[in-house]
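Chain naming follows the written order as A, B, C and D, and within any one chain the residues start at number 1.
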Amino acid sequence: MKRNNSNQAILLIHCPDQKGLITIITQFVWQHKGNIVDLDEHVEREDEVFFMRVQWELDGFDIPKDQIASTFQQEIADKYEMTWQLHFTDKCPRMAIFASKSAHCLYDLLSRYYSGDWQVEIPLIISNHDTHREIAEKYNIPFFRFEVDANNKEEIEKKQIKLLLDHQVDFIVLARYMQILSQDFINTFPNKVINIHHSFLPAFPGAKPYHQAHQRGVKIIGATSHYVTTDLDAGPIIEQDIVKISHKDSVKELVRKGQDLEKIVLSRAIWSHLQRKTLVFGNKTVVFE
Amino acid sequence: MKRNNSNQAILLIHCPDQKGLITIITQFVWQHKGNIVDLDEHVEREDEVFFMRVQWELDGFDIPKDQIASTFQQEIADKYEMTWQLHFTDKCPRMAIFASKSAHCLYDLLSRYYSGDWQVEIPLIISNHDTHREIAEKYNIPFFRFEVDANNKEEIEKKQIKLLLDHQVDFIVLARYMQILSQDFINTFPNKVINIHHSFLPAFPGAKPYHQAHQRGVKIIGATSHYVTTDLDAGPIIEQDIVKISHKDSVKELVRKGQDLEKIVLSRAIWSHLQRKTLVFGNKTVVFE
Amino acid sequence: MKRNNSNQAILLIHCPDQKGLITIITQFVWQHKGNIVDLDEHVEREDEVFFMRVQWELDGFDIPKDQIASTFQQEIADKYEMTWQLHFTDKCPRMAIFASKSAHCLYDLLSRYYSGDWQVEIPLIISNHDTHREIAEKYNIPFFRFEVDANNKEEIEKKQIKLLLDHQVDFIVLARYMQILSQDFINTFPNKVINIHHSFLPAFPGAKPYHQAHQRGVKIIGATSHYVTTDLDAGPIIEQDIVKISHKDSVKELVRKGQDLEKIVLSRAIWSHLQRKTLVFGNKTVVFE
Amino acid sequence: MKRNNSNQAILLIHCPDQKGLITIITQFVWQHKGNIVDLDEHVEREDEVFFMRVQWELDGFDIPKDQIASTFQQEIADKYEMTWQLHFTDKCPRMAIFASKSAHCLYDLLSRYYSGDWQVEIPLIISNHDTHREIAEKYNIPFFRFEVDANNKEEIEKKQIKLLLDHQVDFIVLARYMQILSQDFINTFPNKVINIHHSFLPAFPGAKPYHQAHQRGVKIIGATSHYVTTDLDAGPIIEQDIVKISHKDSVKELVRKGQDLEKIVLSRAIWSHLQRKTLVFGNKTVVFE
């Protein structure tokens, strides 16, 4: 069976749990002649919430693409109080990158983009420094610098938001961006800003986590990628990983070892987001595999 | 919603893939008033095989327990050429242990059993040495010693098989048992003998894997738990894990570090088997999470 | 060359860093005809502190065993302001275990002891419950129960300290012991009480760390073994490890997965302590490999 | 104390083990007024071979830089039959890269180079395809393409060797280079060619390891970086790491997950090589930390 990966639909759903939901949703796809290529579900027992991700081929599906949303809403979603998103795999997501001076995460994202490993557009890079203007130009990506200080922050953010909307970005990656975004900014892009924090959250939030880790004498350091909320370093976690260290490692060594961790953890989180495998509920994520 | 964990049914299914299978199977449970508490499925694209595990509460289910199998066969399985197993969570599995002289895996299993962490019966321990008779007696488990040599192997195995059948064992764990089982033995218990091999298979099969690993100068050692087939150390893998080593580690150190790995990997494999989360297909396993 | 592992000396040293220390210390052993079998050193650049562990064979060493300490003090330690400990490998350490109701860590320690994997004596087990009396008796280890409450805590601890001193214990392991020890108790056994905390410290200190982890939605859980100080869950860390989890894992699953982590992390920490490979400096450890 | 990292010497030594070697070597540095900043040693008990790495500051060292080698040879090395290398930290190593069509390892190396994370020169990139000419040019690195086939291989390699010697390369990295190098080539650069193999060697050597891994149904995949010898995929291992997989992962997913592993493992191996922390002995490595 030949698969047409570029013409598939993805539904991400959550709703109050009840009997029969899987049957009902899969039947919707089946009866309309869709072929399910991936399905995952989860029930959070504590809150009795049902989560589901279903992906199917649109070839032969008997609802026109632009009517799937409204049909699903009427036939199913209304009745079961579903919150849902519909995505199509032929749409290439547009990802904005925010960076400061650190290179490793930014370079890693650019490599994945430029080599074609990821199907993603990068319409612009925004930075508070000029450090990465040259590399952005090498990759032909528009680069915007905003010198942010305490006084102009509100005004700058307004410009940034306009720029992001003008470039029709789907989501934003903070690739070790060293400025704290305002509530207004975050609320403009809910569950659409992905950050990488260089510690194993909730340990060592805030500034200089490697210094904190060295000070505490931990034997493992970590990195955490999460959706940004207005609560600093406390948003829904998408991905974490760790590396073992020892008493021999200075702060400088922690930084060096941590950088590889940060770029891998960030890219795994973005990959899950790109595949539409993440669902935010409350302050937690469901990340389907 | 109060769950009755001790009165649930589990269906493990595989069959040729086709549209609608998830709907059809979940509908079977739903229409008979069962409440699904866990569902996982997988489609092996290469061979177009569909795998599914579904677990539901029997309270309120309108098919009597002893007729579920035949009803499922008639209503569903026949039509879709399904291979399937039905298990009930109120049945406590009976696990036989084979051991030689090594203590770590055996002791770990006994600890899990005796502390009540695992719902499992251990009707007997079989060994080719007397080393563990005392610990078996401490835990009140019948212990049988068979001195095996090249001449009496066939005869001994016949006695062992009889003993295992008499004790109605559901599956067998080789807890670092240092004898190779015959084809007859293995065929008597297909996909029911779980072994732990002290290497990262397929690297270093056969004897003395830690010596082989030291000789080769690897930087990581592993352990592999698998169902035993007549092809030595080549059966379907259930679980693997590794630990990092360095040039400093002598063979003795590899053995020491490896022991903790072996017991954890073996126990994870047994846990998956006990939860009925493993499905063997060809020489591979599907291990649902 | 045949090694006599059972007749070796171990020196653990720290002092202000200066040129030539390695030469001076190794020369002491060499000139007195000792054969160094293991040496590791570390310089903490920030504080300019030198750490060293050196182990040598006593066969042929020309200083009598009971005069090594005083000779080293006079020839070397005085001059370089060294803090040091001298240990002999023919002395079997005496380890007391404190436990509450959890079985997994206690059973794991008993298995290592009883199977002969560890050269250690266990002169007694102390508990605030009777849960493990039976297993202690199976292994012929004296078991003492003290019912602790807010009113009798001081008095009970005095009895426990007396018991520990009477049994000449070298160190104490808290194998998921659910009582907080007083400052007096801890100061009586400085850097001699090893705890296992069921989280990746400094994340989730205090009670119910798995509930905290589930609540926060982390993607990894951990365990931490540390020397106990009067600052709760904040003593020098000896060993940490982690296991990946997902949104599928309930608190109950975290507890189950965490137990294997806890017992392995605790036993690795004890192993390092038994090998005299740990040095505490400030609130951190040097753990030689 | 201020360190001068850019003016230090590194000695890598191995010789037959005997008493007093550490004293003798450290005394050499100390008496000539060098300050040791890092020292590590290892004794391979089986073969009775002593390994040591010592790094010291040259400021104040009383042997002129160009006479250290000859002085060490005369004063120490001759007497103890030492094999040794002397390196200076102010020398920036020159690394040639061989690549084929895969981008991930090459891009990762270029990122580390261009961002200044690594102190390394990349005098040239050699490839059998034109795929990466553009990226090489972006980074201003000379790019040479050689179309290799069965007939011209010997001739091409001669040209490549000349090119490498002309560019005074110190070592060569095969960044997923898909051609097998001849014995002549390898012997020209002994222990100076670093490869990344996309499996957990010795499992799955040769072609298509991810296909082999998928076929075998392993639950973990790995990557191995090693010095290239004339025995294919069997050279001394420098670094290995793994990532867990499941039955859900197609070969395509293994390739995707493996790529991140490959680039990290390769870069760790190169880092150790750049820090002069690797010593080859027989078919194994000592990799100091």
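Keep in mind that, in the parts below, a residue touches a chain if its C-beta (ideal position, glycine included) is under 8 Å from a C-beta of that chain, and two chains touch if they have at least 3 such contacts.
Just so we're clear, the structure is a prediction, and the values are computed from it rather than from any experiment.
Need the most distant chain from chain C, centre defined as the mean of C-alpha atoms.
The chain lying farthest from chain C is A.
Copies chain C and chain D touch; is their interface built from the same residue numbers (over half shared) or different ones?
Answer same: the two copies use largely identical residue numbers here.
Where the CA atoms of chain A average out and where those of chain D average out, how many Å apart are those spots?
About 36 Å, centre to centre.
Chain C: which residues touch two or more other chains?
In chain C, the residues touching two or more other chains are 45, 246, 248, 289.
Could you pull out which chain C residues touch chain A in their complex?
Interface residues on chain C, with respect to chain A: 42, 44-46, 51, 200-204, 216-220, 222, 236-242, 246-248, 250, 283-287, 289.
Which residues of chain B touch chain A once you look at their complex with the stated criterion?
Answer in residue numbers: 1, 3, 19-20, 22-23, 26-27, 30, 35-37, 39, 41, 43, 45, 48, 244.
What part of chain A is in contact with chain D in the complex they form?
That would be residues 103-104, 107-108, 111, 114-117, 135, 138-139, 246, 248, 256, 259-260, 264, 267-268, 289 of chain A.
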